[in-house]
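One chain, chain A, appears in both complexes that follow, with chain B as partner in the first and chain C in the second.
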Partner chain A sequence: MFRYMRRKIIIYLLTFVVAVTLDWIIPRLMPGNPIIGLISRLASMPQQVEELYAHLTKAFGMDQPLWKQYFMFWNALFNGDLGISITVYPKPVLDLIRQALPYDLMLTVPAILLSWIVGNKFGAFAARKKRLDNWVLPVWYVVTATPYLWLGILLSWALGVVLDIFPIAGAYSFSIRPSFSWEFILDYLHHWFLPFLSLFVVQLGGWAIGMRNMIIYELEADYSRYLETMGAPPRLIRRYAFKNALLPQVTGLAVQLGVIVTGALTTEIVFSYPGIGYLLNQAILQEDYFLIQGCFLFVILGVLIANFVIDIVYVFIDPRVRLSMGGDS
Partner chain B sequence: MKKLLVFMVLLTVLLGGMAFAERYERSETIYCGGGLWGPPANWNPAQPWAAVSGTIGLIYETLFTYDPLTDALTPWLAESGSWIDDDTYRVVLRDGIEWSDGTPMTSEDVKFTFELPAYFDGVHYTSLWEQFESVVAVDELTVEFNFRNPRYHEWAYQIYQLPVLPKHLWENLSVDAVLTGSNEGNVIGSGPYLFETYDLDRMIYLKNENWWAQDLLGLEVVPKRVVYARFASNNVVLGMMMKGEELDVSNFFLPGIPAIKGPYAIHTWYEDEPYMLSDNTAFLFVNTQKKPMDDPTLRRAMAFAINSNEICKRVFENMVIPSNPLGFLPIDGWMKYYSQEAVDANGFVYDPSMAKKMLDEAGYKDVNKDGFREAPDGTPFKMEIVVPFGWTDWMESIKIIAVNLQAVGLNAEAKFPDYNKYFEQISTGNYDLAINNFNSKLSVTPWTLYNWLFADIINDRANSGNFERYTNPEMLDLVDAFNEVPMADVEAGKAIMADVAEIFLRDMPAIPLWYNGMWFQANTNVWSNWPGENSDNQSYPTTWGGTWQLGGVMMLTKIQPK
Partner chain C sequence: MPEKKVEEKKERKKNELLYFAFRNVKLLIGFVILVFFLLVAIFGPMFVQYEPLDYAGPGYRSPSAEFWLGTTTFGQDVYAQFVYGLRSSFLVGLLGGGVATLVGLLVGFFAGYKGGWPDEVLMMITNIMMVIPTVALLIIIAAYLPYRGVVIQGIIIGLTAWPWTARAVRAQTFSLKQREFVSLARISGSRPLSIIIEEIAPNMLSYVFMVFILQFGGSILAAVALDFIGLGPTRGVSLGLMMQNAVLWNAIQLRMWWWIIPPGLAITLIVSALYFMNTGLDEVFNPKLREM
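Entry: the complex of A and B
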């Protein structure tokens, strides 16, 4: 167990360094110059624009040679400094992420977890009811195949504009000041519901289909047949099948949870909901190196931590991993 | 565990029940959109390109305001301002203006503002400051600007652009705070609103109950709060407008307004086409340093080949109108310098057969029979037209332009690079054709247009205009000469502008296409008396950053709760 963990940790650390280095390099390979973009709309005398350009280039440390910038970046990183955003100038990147991330987490975590739980239960249930399966499966396929953008706009249009039951923009009313009160919490939930629903619905189908296929596969597997011929009750067989079918779903969940930090770009655009996704999109369009780096740093951390947790969870839920560890040491 | 949970829930109920949320009274709040494109982060009036819309206009104010509808440059913080001799401009401040921290505004503040570049090296109006021999605070309220070589047009523009800053809060700031700081925590101005709060997608201004104009001008802004919202897409804005009560003013370009205007009672400036006022001119820039576009005949032929009418109709649903051949906005401040003679002699209209004839005569012929004309020396060429990806109206426009050019035998293709790539291409001269309008916006003088069209190129970068890289010294001299004509001497200015027009039409370094609109849609459910052609609220309906002093503030003093 200890050796297993040590090996894993070393691999994760190496991956982290390589990923963060790539995270630093890739934005800088984009054509164009972010500082020029920043001052492109300044209406002033050319001399001043030139002076300002020099000043900003220096302020962002971009007058230094690249290798120096790279070491400055690591140095700043260890001091908890992710730099200043160019698009949302002059806000520190860390402040921006801190401001935007909670909106994403409150939206995506419940959507992913609930759709995962409900999808798995429902998929497993449908897999053994032939009639239900015939009816529900096509529905799931349609839902999963629906372009999310279209579904989002449709929901927003129907429930937001036509029926006017839900708001279509913002995380809370433009007319309310955030406070710890029922009125605000209800207002927040009112705004939260449509984006949540759209994410939930779109992911539900995928999980359910995955589970249904896995269950059918497991029920056809040799061990199920064997149990069946041994006269084991179907309930028991189904429980074994469910356990085995769950493994790939857990891996899928980990991947999903790892990237939630990028936010839900489409959701944020369709429902004009604040969050990291929109910021990241703007940052990429305008080559905001520091904001891109900052966002992806959290993605890297998210993916690594999620995988690490899954590695540990697997030790408990997958006897094969436990066995291989035992065989190893 | 369970006990803890119960306890938490109880605590939430108790605390939550006790606190009341603050909700802004609907009838006292105006919701605006269209000038906020990212999370609010900068309220620094010395960085107008980055400051949140309203920083200048709602909080910090200018000496003068300019009304493009009546071509009136009106004293605002100033009670009066005039040239007392050829080189001296005297400003007298209104008596009784206070900063929102209670300190009186004096001539020292004005002097400090215009001398800011002396305190902080690198302020964006250093070149203006360099024109001063001296700035003298004559008494508490009077300031005299002594010029070395006055540029009257530039001055007329700057006195309604530069916000007056409170000296007592600014003189001890660091250079970094002024040039690159956000100014958060120091947002003290003199204007009708105060900085209240902000979040990722909104900026909220609270009425300044002690605004000087209430006593001195009898003006009062009506809404107690201005909530400036950011929206992530135009679809959402359209939905907000249709919901009717959630967004009062939109300065977004929204396709489809002509269709939904009637059914949803959406107010626009004009009741019928073109619905919108004109705000700036979209030009097709031609890279004059690249072959074969360095040939004026080719550029002129393209002007004849492009069908601006079709663009206005198909892309903008006739919410914009085609430009005149000089790119002059249809406002008195510019049209009084319009040279009809030059246009009659050398202007252009959409006429593909004329374009073909010009190209034939200049030797552009399809020698290799690939369907497109070659340059007179026989080399084939293809022109790429660029606009930033995602700017859908421009993207559609250049598709039409490409088709128009192909129709007269010129090989042209529409391309959509990302914004930064686009800007790098046009500022470094690495492009063929591009649409741009960044500083063709309406102003007190067409000098601003030419100052942008023919800006100096420094270190081979055209960062502030002149993307076409036009370097005709004759033209530059004329523009400088125009700048040095007193504003009152319209005839002398017009004579110079006639020469400018003649060279412009002959060389055609940039082709004026259409006027982008002052996009303005208002909901009439909560507020009424919106600006419009038939309204007594004759204010230029803008809430865009840096333009509140053109009419946005006045609009807020004249709307009425319903």
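Entry: the complex of A and C
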């Protein structure tokens, strides 16, 4: 078990180093000088240009040798210095991300967990029920093929505009300030529901299909057949099958994280929901490179942490990993 | 075994596969939907009256005889944008899916066949690439490219989407490598490259084809997300860009359903069709899964 965890941790650390390195190297590999590009956009504010130029040259460390620039980049990172945003000048990038992060977590974590649980339950329920399965399976395929952002658009058009039940932009009404009052919490949930729903529904399809296929596979495994011939009740066999089918679904969660994060980013843009996705969109439209780089790092950090949590969960639910030392990554 | 008998057996196997392919409803439905959109993408632009980005007429018009899918807020022809966007989606899918499958195959074959430290190094890279979300990587690359075209987009998507293919191909190569017929080829002096091409690859052909289908769909979805975030082609049209503009210019609030529904619907149907085909093919190639 410790070997398994150690291997995982080494991979995650390496991944983080690679991600930071990419974050540093890609802007330098690309054609053109980003500083001049940035400066030219602020030409209308001459008193700030000089200050900014000094800051950017220092931040990019253009006058230093490359290895020193790389070292400085890491140093700044450990001091929490991700640069200064151009969009919301002169706010530090870290502050902007810190403001956005809670909205992201409150939206994505419940959507991921709930859809995983409901999808698995339903997939297991529908498997091997011929009539239901024939109807439901194509629906799941269409649902899981839907781009998150389009479902978001559809929902906000149908439920938000045509029926006018839900608000379609922001995380809370303009008239309200964030506070711990019932009024705010209700308003927040009201805004939260549609983006949550679009994330929840698209993921649901994938989990249901995965679980259905796994259950069918498990019900044909030798142990199920054996139990069957022994006269065990079908409910018991299904329970064993479900337990075994759950393991690949946990791994699947780790594999799908990247796609889900992408979905969350685009969904936030549809609903102008003030999470990292919305921030990133603003940063890209304004060519705010520091902010883009900062968002990139936080997305990767989030995915790494989630992967790590899944690995720990896996140790607890899979006796083979818990007991044996081995296991490939 | 006499040559003729082998030939006969191969022929019968092929016929059997075709038989199950034509009987497979999922495969047929998927194929028909895909071909429909392919035809629209190929022939649709011939019926275009206005250039996709031209300000052709009055804005905010619902579908009519002149503008089949209505116009945008600025009076651009939605139909023209749609059919040209469909073309770029297919192009991105083909390029992205192709590159991802190819790179995945090369890495997987090499790592699986060589074993040892090349395998360790390649799999370490693959595992790292798997954890980093493709789109996060695409964002950071695309954000710094001053000029982006559909072709570049497709290639970049392919170059970031290969890891899971590589892992699966490696695992299969690894197990095929230990079969007798591969050992036989090795003993009789075949070189590694010809063993991979002649002995191992044909046994994975069906699998590779299915992987390509999934990568095709994945690339289309990745491109849509990228376009929507604001990193689409700098000049040109795509379905993702259509939706980005629609949301940016409040098409939702203005209830311009003709602008917001077609692009997403086309993508949903194309990708579902690909998934249908994938499951259908799985049943055709794998007798265990065939419906009784």
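The definition used in the following text is that the second predicted complex is superposed on the first by the 245 of 329 C-alpha atoms of A that agree within 3 Å, B and C clash if a C-alpha of one lies under 4 Å from a C-alpha of the other, contacts with A are read in each partner's own complex, and residues count from 1 in each chain.
In this text, contacts are C-beta pairs under 8 Å (C-beta built on N, C-alpha and C of every residue); 3 or more make two chains touch, one makes a residue touch a chain.
Keep in mind the model is a prediction, meaning the values are calculated, not measured.
Just chain B (first), just chain C (second), both, or neither: which does A:Arg177 touch?
first
With both complexes superposed on chain A, which partner does A:Ile292 reach: first (chain B), second (chain C), both or neither?
second
Examine A:Gln99 and indicate which partner it touches, taking first as chain B and second as chain C; both and neither are also allowed.
first
Is A:Ala145 touching anything from chain B or chain C once the two structures are fitted on A? First, second, both or neither.
In the superposition, A:Ala145 touches chain C alone.
If you stack the two complexes on chain A, which partner ends up touching A:Ala232: first (chain B), second (chain C), both, or neither?
Touch partners of A:Ala232: none, neither chain B nor chain C.
In the overlaid three-chain picture, which partner chain does A:Ala221 touch, first (chain B) or second (chain C), both, or neither?
In the superposition, A:Ala221 touches no partner, neither chain B nor chain C.
Let me test your reading of the model: by the given contact rule, A:Tyr12 touches which partner, first (chain B), second (chain C), both or neither?
Touch status of A:Tyr12: second partner only.
Tell me the contact category for A:Glu50 with respect to chain B and chain C: first, second, both or neither.
In the superposition, A:Glu50 contacts chain B only.
Return first, second, both or neither, reflecting whether A:Val161 touches chain B, chain C, both chains, or no partner chain.
Both: A:Val161 reaches chain B and chain C.
Just to be sure I follow: which residues of chain A are touched by chain B in one complex and then by chain C in the other one?
Looking at chain A, the two contact sets intersect at 30-32, 34, 153, 156-157, 160-161, 168, 269-270, 285, 287.
Where on chain A does chain B make contact in their complex?
It comes out as residues 30-34, 36-53, 55-56, 59, 85, 87-91, 96, 99-100, 103, 153, 156-157, 160-161, 164, 167-171, 173-185, 187, 268-274, 278-279, 282, 285-287.
Would you mind writing out the residues of chain B in touch with chain A in their complex?
Within the complex, chain B touches chain A at residues 15-17, 19-24, 26, 29, 31, 38-39, 41-42, 48-50, 122-128, 176, 179-182, 197, 199-202, 227, 229-233, 235-236, 239-240, 242-243, 246, 390, 418-421, 423-424, 427, 438-439, 448, 452, 455-459, 461, 463-465.
Please output the residues of chain C touching chain A within their complex, sorted ascending.
So the residues of chain C in touch with chain A come to 123-124, 127-128, 130-137, 139-141, 143-146, 164, 217, 221-222, 224-225, 228-231, 243, 246-247, 252-253, 255, 257, 260-261, 263-265, 267-269, 271-272, 274-276, 279.
Give the list of chain A residues in touch with chain C in this complex.
11-12, 14-15, 18-19, 22-23, 26-27, 29-32, 34, 138, 141-142, 144-151, 153-154, 156-157, 160-162, 168, 255, 257-259, 261-263, 265-266, 269-270, 277, 280-281, 284-285, 287, 289, 292-293, 295-296, 299-300, 303-304, 307, 329
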